[in-house]
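Chain IDs A, B, C and D follow the sequence of writing; residue 1 opens each chain.
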Amino acid sequence: MKYKRTFWVLGGDMRQAHLAQLLAADGHRVFTYALEHGAHAAPDTMAARSLHALPEACCVILPLPVCGEGGALSAPLSDEAHPLCDILVHLSPEQVICGGRLDAGTQDLFARRRLTVHDYFAREELVVANAIPTAEGAVQIAMEELPVTIHGLQVLVIGCGRVGKLTAHRFSALGAHVSVAARRYEQLAWASALGFSTLLTQQLKDDSGRYGLIVNTVPATILDRDALAGIREDSLIIDLASKPGGVDMDAAAQLGRRVIWALSLPGKVAPVTAGSYIRDTVYNILRESGK
Amino acid sequence: MKYKRTFWVLGGDMRQAHLAQLLAADGHRVFTYALEHGAHAAPDTMAARSLHALPEACCVILPLPVCGEGGALSAPLSDEAHPLCDILVHLSPEQVICGGRLDAGTQDLFARRRLTVHDYFAREELVVANAIPTAEGAVQIAMEELPVTIHGLQVLVIGCGRVGKLTAHRFSALGAHVSVAARRYEQLAWASALGFSTLLTQQLKDDSGRYGLIVNTVPATILDRDALAGIREDSLIIDLASKPGGVDMDAAAQLGRRVIWALSLPGKVAPVTAGSYIRDTVYNILRESGK
Amino acid sequence: MKYKRTFWVLGGDMRQAHLAQLLAADGHRVFTYALEHGAHAAPDTMAARSLHALPEACCVILPLPVCGEGGALSAPLSDEAHPLCDILVHLSPEQVICGGRLDAGTQDLFARRRLTVHDYFAREELVVANAIPTAEGAVQIAMEELPVTIHGLQVLVIGCGRVGKLTAHRFSALGAHVSVAARRYEQLAWASALGFSTLLTQQLKDDSGRYGLIVNTVPATILDRDALAGIREDSLIIDLASKPGGVDMDAAAQLGRRVIWALSLPGKVAPVTAGSYIRDTVYNILRESGK
Amino acid sequence: MKYKRTFWVLGGDMRQAHLAQLLAADGHRVFTYALEHGAHAAPDTMAARSLHALPEACCVILPLPVCGEGGALSAPLSDEAHPLCDILVHLSPEQVICGGRLDAGTQDLFARRRLTVHDYFAREELVVANAIPTAEGAVQIAMEELPVTIHGLQVLVIGCGRVGKLTAHRFSALGAHVSVAARRYEQLAWASALGFSTLLTQQLKDDSGRYGLIVNTVPATILDRDALAGIREDSLIIDLASKPGGVDMDAAAQLGRRVIWALSLPGKVAPVTAGSYIRDTVYNILRESGK
């Protein structure tokens, strides 16, 4: 068999292991490194013991996030520490280097060696795709936590961005009565066009008492003490917003409201699919790089 | 407050406790009996210590199934044994008596005292309604067990009856590619009209290799050794069929196929909703009885 | 090219012409007869001038209905009269003979010659399939007649059989708020499970004032004078029920209610698709006949 | 009855007449002007004969577009000419003045008198809302023109903006197999998340042969001679793109491809709904203006 390209997949969690396997399944030659405990999920790849063959890689895929503690590669499935600078010395500008969620320091490190790192996590197509497992994860949590069916449930989704739109869509598709709260008329027009009831976030307090499930997608404290006080006691709140989240957690605890703050769902509920999204995005980066 | 009617709810599991509470929430006077450990879920009902006021009930609701071991009332949430005959002596033909899944012996017991028991579980509207939490339960299991999203998944649903139709609908609504296998052309026409791909169950063996999830709803061994051999190793099989089920479990074990036999999902995944379906059906029975 | 089978397609309207062409496109040798003015739609078939080669047909497809005026073949696209008995003499029991909607007299005529005619129109898979273009036809009429969008429209569908279920589904899919009225609790359970609001047909009068569109599918006078009086003046009523229909037309005219009685939609709105359903059904009949 | 506010609705087509009636139905005092032949659709409004009471209006709604031929108000339903400057002299900065699609000249005219005109047609919530009747209009045209059902149809939607997304959604909801072509990976990710197949517009030529219906939403000549040559002869092309449209019409005519260029669908297929969108947008403008 002739391999199409040579990929190196370094560090990261199970998503990275699945990504390596998916690349191999597409006919590529794939080396993994600093991924020892994920090896069982990537049977068609080769585990590299050293970095000396890394320069032969056409494309190098660093994890999400790239940098862990102390300037080392983020590598939770490896027993050893892997300083980023040890890896950098084997890379060259001819290679397509990809990584997820690069902080300024890391970007600087690469720039000083005239290396460009493509941040796949900053690409809109990945962010949109990740909204799919996020929405499904919200459905799964609701199914597990609530003693009622999604069918017939009164659901409020706060926010009408990517995650908000898809979350509303999934619950509605299962037969829930879905309302979407948003700040801008334009977003409400979208929510209405897609078949949901709508309300202005500003009017949330007057309306929050009738929902059995509230899913927040906005990273701002929408569900403050006042709003929480108006919510039914048997309601479930799922907060999908990244830090600082959208719920006043202290107030929720005092009022006895049930809140589940669910972060990073794609890697948790569907690691293989999440890996495939990174693969697709890397392919797009390669195509745009002319490789 | 004036109560509308007096109900007695006897024995059963959490569904029965939720049912009692739902009746109370509708404004009825509700007594529970032999349901001690479910009392927390029915705060607006009265726990009866004896049966002497049972004759005052307008409607008596026995559990699903009515009869447990040794001729006693099925009462898993009670510490004591409650022989059915002790209950029977307090009932009269003027009362509307309901129970779920009556065996011939139990029916005979009631008939000898000239009592009619309405079997709510034999009524089509309850069977159809129960298909909703059953389908949702299948979705929940698939989400929990598979490392991929439902979106984009190749799903095969075997059977196009109540559970088959709704299961196919729910997976499709979440973005899966759903095929339905059925024996009769008429069922395939239904599956097609609802938007699913179709195949004759007879041709299943030639086609089974491409599904990531197979949900069986037919209580006959469709997935025998031959069919199982053709299924992908990483496929998940969810069997929703009542006994004897639809999978040759020995063959599946030998071939290393992953099978989850999921029975009685409504009471497990959505006990409150399942209780509300029984309530609705009891209301229908009362209306038909002219009460 | 080698033909698979020889079909003769006799009489009928454009559906029959499209059917002939679809059979030819599947690789069969197809003769048409008494279909002259539909020939342009069946360019890959041969127009027979006489019946002398009819005995060579493996399968003979008579139109829907088979019998027109005066014991002749129903042949609106032919200039001549074709007495059925002239055709019968060329048929033999070895051939698979299909026809649509056979009356008792016609059936008797064939039986006397020991010929079995398979009535494709009596087969459930065709009836279910025909509900698809019927439902689409109702959507098309509503779009053409109403000055508002289907999205957001309050729609009432009366009846929850094949046509009722699919009609409700299509309008709901386009964003309408759909209620289904049915007589039996079981049908209401189905309607609810599929995501529609429900009401008992018996309670229709109290509720009929809020709908912008009412689609009837039940062949019994549900919309009598009383019910019509309660309907909004700007409502549109589409009656899909076969004779006698579901609307008191005199009362509707007097009350100024707008009613469109839409019969035989499949052949009108989607003749090619309607022809393909007959083809599929004929294939099923052939398979069951062991041919 | 006490009126809430006083509106003047000037000029325009039937949408404007419906808008006037909808405002009146909401409890406002509404005058129409230069709308004589639309008066029957606005029975609860008052037709003003002169402009002398116009200064009493709280809100003045000019048509879409505001300006017709020769600097006059666009007023196709009036027999007379109404120079814009005659109207302007009666307006003051205290009034909320709304109009649709203002050209630079008109805007300048108002600015010189220190009048601000809010262009409702430039507001995103109206543009999104109008995508609903546009998508429905495309469905209606397809149903009217094609001899097959939408169910089962292979549909290609070009573009994944507002109209593209909703058009794909509606056809898919009716059972069509929908592919979406877009230029950017991000848009393809959206199309995929919403359940459609996807292809890059750049690859359209290789794929265009399998569609029975192609709906273009992109105002650039995507369907040039080459692309058109690859399309099936019996395909229907609906072009929803504003000028210059997306189809090489000369090439289409020469190749015998069937193209329908459908512009301004909202006002044509659902004038009442289109009027209600303008009403909602005007309400939003009033709210933002603190009135």
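One rule holds for everything that comes next: a contact is a pair of C-beta atoms (placed from the backbone, for glycine too) under 8 Å apart; a residue touches a chain by one contact, two chains touch by 3 or more.
Given the structure is predicted, the values throughout are model-derived calculations rather than measurements.
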Contact-richer chain pair [A-B vs B-C]: A-B
Maximum centroid distance from chain A, chain identifier (CA atoms): C
Distance between the centres, which are taken as Cα means, of chain C and chain B, whole angstrom: 37
Length of the line joining the C-alpha centres of chain A and chain C, rounded to whole Å: 50
Two or more partner chains touched - positions in chain C: 132, 151-152, 175, 192-193
In the complex, chain C residues that touch chain B: 123-126, 128-129, 131-132, 166, 169, 184-186, 188-190, 192-194, 281, 284
Chain C - residues contacting chain D, complex: 18, 132-133, 136, 139-140, 143-144, 146-152, 170, 173-175, 269-273
Residues of chain A defined as touching chain C within the complex: 151-152, 175, 192-193, 195
